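Per-chain residue numbering starts at 1, and chain names A, B, C, D and E are given in the order in which the chains are listed.
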């Protein structure tokens, strides 16, 4: 028995030692670790992330500033704990110079301290939780995706000023993203004079939205919908069937009508308004070119949001590496450069980073339309260069607790 | 009709039947006597295929059935009336009779079973689990008859019955024999077995230790005392 | 003192000691990722072995074991991040609270047996998940609790955090292993096997079967709490995924894959599944298929788990 | 054996008053009353299905009564849990051998020896370091003559050997009242005789209630017989009286002949 | 008034979905006595096949039948090739069905990718009927009808046909059933196939109702368990009543006390089991 154990161990050791056999070049490749789910519930998001990220790298032949780029992909599965383990592997075993990816907020929160401790720059390319770049911001972390709060702010402003809503009912998923979008929305909307008259929190696994939709208050001018992923299909379908969508406008957090869901949503989502830093239908040359290229990779009509923002993330990282002349080994300089890097045009528009490490970017208001046989998120309004702090003073903003179920409290419910 | 040839059966590691051989001629009743734990029920289980013999052969009408699945054995014309009756509580009486029925020209029908066991007719739509012990035994026998077997294995058919019912069971056994059915009658009641069997075997510790006509056994107090404690 | 009775245990202890020396000695020369996974394997081994006390020894197939594991993990996370508790204090509190939680749950679940026990513990597991998710003020909801620093245990001459934590876990593992062995050899351990074999006989021999089962649940829960505490330190964070059904299933699978009722089997199972998941996934995206195949093959051809297979091979 | 002497003639060792048990619609035991003096040896007989084993379970507490009361040395134990009754001195064997099949013979006996002590909760010391239960187990093992089988796994023993262990387990609980459910079931005449002698030689202070089919065994052991039929009390008397009673012969033996095997 | 009518209707339609989920599992539980962890996979595969068949044929009912039959066939093969080898050992059955479930999870990801699909039913599924001032979505009516019809058919089959009596006999005592010459191995295979068929139906109907995506297999598995356990293993009527009770409880729980949404299904299960360890209609 002992013999078997020893043999097994030896085999494992051999396997690990032999795999990352580095080519003996004069300048070793730049190693980028990338953590994304490739199995489990969120596998498609992860694959889209990788598709976008790798599309840019392949466009530049995996060469930046004369150095080869080696991308080491790790699967986080569906559990944040896996992400931590894989992050440790990338840091300690592969000795990556930069780490990217991360889809789920929980995984990002869990990985951030580990990466921080190792002093490796971490670029979060999807995970949206506010505090990653606010109260829990860390030195080596930058985020080029989005936050719930910033999106909520934009939506609150749009709902009050452009849609003319005064009373709103909210139906939102009972987790960070839902709390933060709702919180941001409520703060801006109520400061402008509106009232949130109902907040329904739905468990992340909700098979039937019937009971919630039926209890939406009829006096609301409109509905804020913060339900994402496959559950969005159910909620929007239910809103349509119950007749809510015929009577009222629904303003939904962007990924509720992500391009990858449009086929499944079909006609039910027509007319739903959403807000997000990108749309497949965004009419810029950069975006058109990107959409065309990524379609060749995925062979699908619809391009997911996570692919687009990861393409931009790769552009931005590559630009930073170029600016340090490929000298990523000088961690401090590399990281300072990374944070200072600006891109004038990416598929979603310009990208720059605030001093807390979060992206400043355009946020678009979109409407689900049918054009020919295909559905699209038509861009109907642009909020340029939105900060995660909206128009508030960052220091004061950060003194308040993070948006949560009861913050801001529902005074008009 | 049935030949059991040097059969060895195990439960896990324990060697229960240790080389049992016997034969049942056509239209004969062969009795098996013995104490608890002698292996009588295991013999029935081996013949029926519930606990297949590990060694030895069992032939039915010259066809080997040693390792067939129980339903294949049953379809060849064997049926068992198990110890403890093994009634289906979810079925009513009529359903129980119908569930395994394999009709044959001039064979058993529900009507004939009711004629044989009149109390069952009155209870036709009662759940089987609510019948009295005697009625359950009738149902167990009736259920087996509905498969029109040519050989019936009766495992302690009188267990737990009142004298009245015991007599009724005896009467049924006699009737069945006259209709040409063969039977293996496993019994603890010596008198009952002596009364109905054409030939008796006594089992002890997984072996057949005595074989004779019932009359001989009736005379042989020594054997009775040694193996049956009577 | 019965000398003959000690022969088999002594062989087992010798074998385990050799294995432990190998585990300890190899670590410095192994790639760090392997050491990381070995750390995880050890933590899961503690948890899986504690479940084996229930499943393999007392015959209680619990699908709710991750609930106690999670109580330990959350206790540590809360105490360390909000109250700056020391390693020892966090560990102790985790063990105690997990034991208390198991005692409470025991009253609810112990009337059921067999498959129904499995199902009521499944229900407990699902409710615990809901609680972890919903009780945001305590558990941090879906993002859980982050920023749990690794315990600082000064190991002579060790700089690497990974290696130092590995030895910390290994040391605790050795303590647990010793306690497990004492337990299964002890009078109480024997009573559990007796209950598995025949509850009715145990009752007429004067045993309060309910109490013994409850004590077993509490003991197993305490060990699961310890493992959970280490898990919190290991990952640096705790979230609802520590409580979910998949995690509970994983413990059960570790025990079955390794060989229930053997104590050593679940240790092997814990290592096997940890490495299958996290090592294979480095090499292929289709690691789930590999894991699936491993389960199917074990179920079909290793009726007594991997340990049974190893024993048969000898 | 450290059985107590009887608590005097006044208090019966076991007393059942109108004990009744329903299973769904079936009355398995109905209004059974019986009383055993301390030190008495009594048999319960009756055809299969008479409710004998069910009555045992009601007395031992494995199953709650539907109605009626059970007393042990005058103490009402109707609602006392099974394991407490054992601690109060009630021992029992099973008709269908009920042992710990995956454990060794010695471990079976040691578990029985531990049942009444505090040691059974000890978790941090190996069992083999406790000399007392082991010594008691070995002593009992000697008396039943299975010393050479002590390390055999019980599952692999013969039926006769398992019956002996069945008895040994009950004796290790130091019973003052012993319920024996067909102790000779399935034994050969020689084994049966040995078992009968072993029961005869038990400490006279132990009150014995015996279910048995083998009339020779019954006559050798007991002084009184209670007959149950269809869950009800049917008759009671000395062995000779019961044997002569034509009604008993009618229900139990079939007409006329003693045929129990 | 409107609230109560609407929510009751929602609850009943949700109960219909729960019954479709749990009905097949309870049959499998009863006859085979196994914890079939792959039941969610049958649902998942059924849903995906349904989506593919709707796309290919354009006919929802054809897709429903085709997908369910395909899943049933798959179930039969699984039973014959794998499950029979581990009969009677519940731990190994669990390990095996877990392996099978993981295999299908990954295979579905490989074949259909990770994007969610919504199974497109007939156009009238998106419409509602108005009755006495209340609005009833046709899809939900269809779910209720589907569950109702299936329950009646299954109940009739189990209680009124000889094959159904065989199934009940096998649940009560498989050995004795086989001794009557009934081919119990085939019966088990057929029941497993029937259970898989129902899971396939649930997959197609469920996908029309709530879409289909990776991970749904393990998301719905606990729901199926809840129905089976609360109803009592092997009891079709139990599953029906349990689904109804749980559907209404869950629905009103969520509507009236959204704060406890997480517990409206599983806490009742724990409580029922704590007091009736074999479920509402279960026999030990």
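By our rule, contacts are C-beta pairs under 8 Å (C-beta built on N, C-alpha and C of every residue); 3 or more make two chains touch, one makes a residue touch a chain.
Keep in mind it's a predicted model, so treat the numbers as computed, not measured.
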Chain labels contacting chain B and also chain C: D, E
Reference chain C; chain at largest CA-centroid distance: B
Distance from the mean Cα position of chain E to that of chain B, given in whole angstrom: 42
For chain A paired with chain B, centre-to-centre distance based on mean C-alpha positions, whole Å: 74
Inter-chain centre distance, chain D versus chain E - centres from mean C-alpha coordinates, in Å: 49
For chain B, residues contacting two or more additional chains: none
Contacts with 2+ other chains: residues of chain C: 130, 133-134, 246, 288
Touching pairs among all chains present in the structure: A-C, A-E, B-D, B-E, C-D, C-E
For the chain E and chain B complex, residues of the former touching the latter: 162, 165-166, 168-169, 171-173, 175-185, 283
Contact set on chain C toward chain A in their complex: 15, 18-19, 22, 26, 30-34, 36-37, 40, 130, 133-134, 136, 141-144, 146-147, 162, 231, 235-237, 239, 241-242, 246, 275, 277-279, 281-283, 285, 287-288, 310-311, 313-314
Residues on chain A engaged by chain C in the complex (per definition of touch): 1-2, 4-6, 9, 12-13, 15-17, 19, 38-39, 74-75, 77-82, 84-86, 88-89, 92-93, 105-106, 109-110, 112-114, 129, 136, 174-176, 203-204, 404-405
Complex interface listing, chain B residues touching chain D: 12-14, 33-38, 129-130, 133, 159-163, 166, 188-192, 204-205, 225-230
Chain B to chain E touching residues, read off their complex: 48, 50, 69-71, 74-75, 79-80, 82, 86, 88-91, 95-96, 98-100, 102, 143-144, 147
